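Next come two complexes built around chain A: one with chain B, the other with chain C.
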Partner chain A sequence: MHLQKLRNFAGNYVFIAPALLFFFTFSLYPFIKVFQLSVTDWDGISPMMGIVWLANFKDLFMDNPVFWLSMKNAFVVTLLALTVQNSMALFLALLCDRDIRGGNVYRVIFYLPPVLSGIVVGLIWNWIYDGNYGLLNHFLSFIGLGDLTRAWLSDSRTALVGVSMIHMWKGFGWGFIILLAGLQSIPRELYEAARVDGANSWVVFKNITVPLMIPVFILVSILTILGTMQIYDIIIATTGGGPGYHTEVPMTRILTTMLNTSQFGYASAMGVVFGVILLVVSLVQIRASKMMRQV
Partner chain B sequence: MKPLFRQKFIIFFLALSLAGCAVQKQDAGTLTVWHWMSDRESAFQELARRYGEETGIRVKFELFAPSEAYAQRVKASAQTNTLPDIYGVLGEKRDFASFIRSGYVEDLTPALHEDNSAWRNSFYSQALAVNEFLPGNEYGVAPGVYGIPLDVATIQMVYNKKLYARAGLDPDAPPKNWEEFVRHCRVLNNRDIPCLVSGFGEIWMIDALAANYAMNWMGEEKVFKTYKGEVPYTDPDWVRVLSLFKQMTDEDLLVQGAVTMVNKTAEQTFANERAAYAFNGSWCVNVYKGMNPALEYRAMLPPPLTDRRPMKIWGGAGSSFVVNHRSPNREAAVKFLRWLTADAQEAYLANETQNLPSTRGSLDKVAPILAEFADDIENATHPNIYPVREKPVVSEAFNKGIQSILIGEKTPEEVAGQVQKLKEKEMRR
Partner chain C sequence: MEQAVFSNELEVSYEKIKRVSSSVATHLFLILVSLGCLFPLWWAFASSLKTQETVFSDLSLFPKAPHWENYLNAWTNADFGLYFLNSLFYTSVVVVGVILVASMAAFAFSRLHFWGRNVIFLILISTMMIPIQTASVIPLFVLLNKLHLINTRLGYILPQINGGLALGIFLLKTFFDDLPKELEDSARIDGCGRFRVWWHIALPLARPAIAVLAIFNILAVWNEYLLAMLVLSSKELMPLQRGLMVFQGAHITQYPLLMAGIVITVLPVVLLYLLLQKHIIKGITAGAVKG
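And then the complex of A and B:
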């Protein structure tokens, strides 16, 4: 009887073994390995790796302004995405939430950019932003604003905002879909009751839509922060981090350090620091949102 | 679930899992070659077929592209000891040295020296130099030749003959020096023809052009002394070199947006006749042929700043193969590489892929534009054969600094000062 119980117990574990195997191999092991590598001077090839303890972290915190500049750039892009991109997504979701003609067509159109490859999107926008034959410059000249034309991605004043615009264009569809789903889950009776009471659109939005949408806003915000802070493919396809360091972000720094200078250990330390920052930002946001809900 | 069925299911699952984890065995009768050169894949397959017919040995070329993915695969395979019989090491000489020190690369010196060094002498010396480690090298690698070059590449300039003629310039008289180049650019700009394009968004191209002019202006020795830390980047000669990039901005020599342009876009710009000059590698012959077969252009050395010293350009081995030291098929792999780099196969590869052959004997069989590039191979040098290398972080700061000069954000003096500060920090490590 006891043996039978044990066999059943073991049998159950065998069934979840594949999932555990995949989890340990592809999630847990690399996660732990990054921490291990971050205290070494490994070059990515040699079987030998020297332990440098916290020297990588010390250099990163005390003597690597470029990494922190890249972090600042990522925060700027994230701030723009949180405000402009999500406002745009909410505005379009509110429009599509009404019974407008061809609503499904709009949904498909708005959801198209996120499913495109970042590299492809980057290359398309390269053509739009091109200083010589770009669509944007052509349009500006056409409407009499020729003085504003420039090589948008090569100008230090516009490069980061230019890259952010591409990221927001590519990313707003995610927020749009989630926000639209949230809006459609709000019971219609609440709106009808408010209308009967004489509430106008703004009052309905402020007192019904916003409070009920807070959990969705939180979800969209967290996804936006995590997705935007890790922006990479669009930068590679457009500016490569340039001009100078104007569009460098943590992911490009980590990869440059890893691949161009073969400092895998140092790059792992960057990855650990970056991961911790993302974790802290997410925790702060979750905490803040809980407080908001209590209010 | 019945116990018997469950037991069978568990056994089947475990067997499947273990089979999936099995290490790939190398077949003694087949040579496996890993490469990243998608443009050469069909030519390689044809050569493999021919080799199979001649010798009965099967050669399996496996393509992993793009090159970044290939480089990662090779590094990962080195960790798990699953490298193929023949492969290429992408990256800098430091990476190559690490592979050798770790025992993943066969020393090919004895094979190259057989028959009075006939195989060795068939190559351009610059092509072989990239794969050679000299006695007392800074990487701590035993002296020897560890790779076989398939082709050579030079990075220099090309100019569009049609645009030259349209601007009223003699299409057979490219500029002989920097001043003349600037004058020609002014003429071109006056006719609304943008002057120079290059993929400066890929900062190694900035590195190449800056190194060309540094060596021309102050000589190789002084450049190497800088890398050693004996000459500061704030030296007037370095400031002069950086000033060239300021002049590029001041005189509008560069196509708009070139600072962050990837080389593929720069190649499109030149192929579509939207720039009169391009700074590019000899591989561009194949690229331009695909983009605009009617393009009329010629190759030239970058116009020198001074005639006191030669105009050095980056060049040497384009792509090389190495033999896996741990492979049981080492001897067969060396024999195959010897066959692959014989004149007939080199000429076939050159004509199929428009790359410069690495052997002298096949040069007379290539297209005239390729021969123009090949003419300058004697001027070629490369960081991989420098006696001393600059630290990667310093190089990056130097090249990014040039980008800042090109957008008018910093002066040459500021960049020189910042790079020197970083250099001193790195020297203290």
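And then the complex of A and C:
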């Protein structure tokens, strides 16, 4: 009887065993290993790795302006995505929230760019921005703004904004979908009641829509931050980080350090710092949404 | 009196004009944004039908003499056929893997009793909340190297199965929790073991949740690039996204063929999306709004 029970008990673990095996091998082990590697000077090949303790981190904080420039670049893209992209998404969601004809058609179209890959989107826009053959330059010449034509992504003044535009083009539909779902979960009676009381559109928006949408705003903002800070595919398919370091982002720096200069230890330290920054953002999100729920 | 009625009518028609014109303006704006979404894709498609000589000068959106043979060329000479089959293979294997492994675990977390159940569940799910994938890219590469999985299909598949597990387990456990237990109980009385209950009862019942899970994993795997770049270096193993980057990195980029490759890459995703858009949009928003 005991044996039977034991077998029964152990049998239940068989169900989670595959998942645990995957988790330990491909999630937990790399997660722990990255900390270990970050205090070494390992080059990725030699069997020996020298422990340098916090030297990688010291160098990263004191002597690596390019890494912090890449951080700043990602921050600029994130700021643009948070303001321009999300305002656009909200504006469109507000327009589509009023039961307009063809609302679903717009929804399907706006969510099309988000289902495409960063590589595909980057390669298409690469060509639109091209200095010699690009559509954008053709268009500018056509409407008489020929002076503005340039190789948009190789010009240090426009490269970062150009890349941000691609990222926002790909991303606004995602924000739109979530914000629209949030808007549609607001009970219509609230609006009607406010209308009866004589409130105009702006007052209704300010006093009903915005307060009820705050949790959704927070969610969209945090996911925008996390998604945009880790931008990689679009960069690699367009500028590759150039011109100079003007569109370098943390992911391109980490991978370059690892693959091109074989500084596996140093790249791990970059990964740890970057991971901690992202983690702080996520924790702030969890705290913020908890606080909002209590209010 | 007459005048009052007149002004009233005037007001009504003014209101109506205001409403109609605002609705027209709304639609004009929405159509403009829609064109902004669709135009680059159509441009890529139109360009895929031109020749390397005409593609930079001919800006037409409906090429007069479409060169459909570009697709044959892209498929065979530019290897996009190979990449396509690879992508298809990776996507199918990862999706099936995620569904099997995640549903087994989710079934256990929802229905079976064992020591540490909740703690293990929370630990597994926490990988979904914490953005550690980015930081772990380096040790993952090192690990795959140690396991001799670099430049193998398995090395590209296993980490992606793992990548889908957290969401999968979470989604399916939530689904199993809401299912009535009676069905399984009667099966158990009939002498079915745990495995048969999972396979014959739980899995078929979970079809709606499995469909959502499948869609999200299909999109994720089909669009994946970073891991493909790290793990795969032989052309024979590359999926489409990696193939596109290799093709555009060649000395002279054949733009019509590159655009044909892009269309080949995008078409299955767009078709799947158009077919299942209701489920996809519901899936994204359900998680977010409840969130």
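Of note:
We adopt the following convention: the second predicted complex is superposed on the first by the 266 of 295 C-alpha atoms of A that agree within 3 Å, B and C clash if a C-alpha of one lies under 4 Å from a C-alpha of the other, contacts with A are read in each partner's own complex, and residues count from 1 in each chain.
Rule of thumb we're sticking to: a residue touches a chain if its C-beta (ideal position, glycine included) is under 8 Å from a C-beta of that chain, and two chains touch if they have at least 3 such contacts.
Bear in mind the structure is a predicted one, so any value in this text is a computation, not a measurement.
Contacts of A:L226 after superposition: chain C is touched, whereas chain B is not reached. Contacts of A:I234 after superposition on the shared chain: neither chain B nor chain C is touched. In the overlay built on the shared chain, the residue A:L278 is in contact with chain C alone; chain B does not reach it. Contacts of A:G11 after superposition on the shared chain: both chain B and chain C are touched. In the superposed model, A:V39 makes contact with neither chain B nor chain C.
Of the two partner chains, neither chain B nor chain C is touched by A:L160.
After superposition on the shared chain, chain A has more residues touched by C, the comparison being chain B against chain C.
By the touch criterion defined above, A:V108 lies against chain C but remains apart from chain B after alignment on the C-alpha atoms of chain A. In the superposition on chain A, A:V77 makes contact with neither chain B nor chain C.
In the superposition on the C-alpha atoms of chain A, the part of chain A touched by chain B in one complex and by chain C in the other spans residues 11, 18, 44, 132-133, 237, 259. Taken together, the chain A residues at the contact with chain B in this complex read 11, 14, 18, 21, 43-47, 63, 126, 129-133, 150-151, 153-156, 159, 237-240, 242-245, 256, 259-262. Within the complex formed with chain C, the residues of chain A that make contact are 9, 11-13, 15-16, 18-20, 22-23, 25-27, 29-31, 33-34, 37, 44, 92, 95-96, 98, 100-102, 105-113, 115-121, 123-125, 127-128, 132-133, 135, 138, 169, 173-174, 177-178, 180-182, 185, 215-216, 219-220, 226, 230, 232-233, 236-237, 250-251, 254-255, 258-259, 264, 267-268, 271-272, 274-275, 278-279, 282, 286, 289.
Chain C contributes residues 23, 26-27, 29-30, 33-34, 36-38, 40-41, 43-44, 47, 55-56, 59, 100-102, 104-105, 107-109, 112-115, 120, 123-124, 127, 129-132, 134-143, 158-159, 161-163, 165, 169, 194, 198, 219, 222-226, 229-230, 241, 244-245, 248, 255, 258, 262, 265-266, 269-270, 273-274, 277, 280-281, 284-285, 288-289, 291 to its touches with chain A in the complex. Contact residues of chain B toward chain A in the complex are 6, 10, 13, 17, 68, 71, 75, 78-79, 91-92, 94-95, 98-99, 101-102, 194, 201-203, 255-262, 265, 269, 274, 392-393, 396, 400-401, 403-404, 406-407, 409-410, 425.
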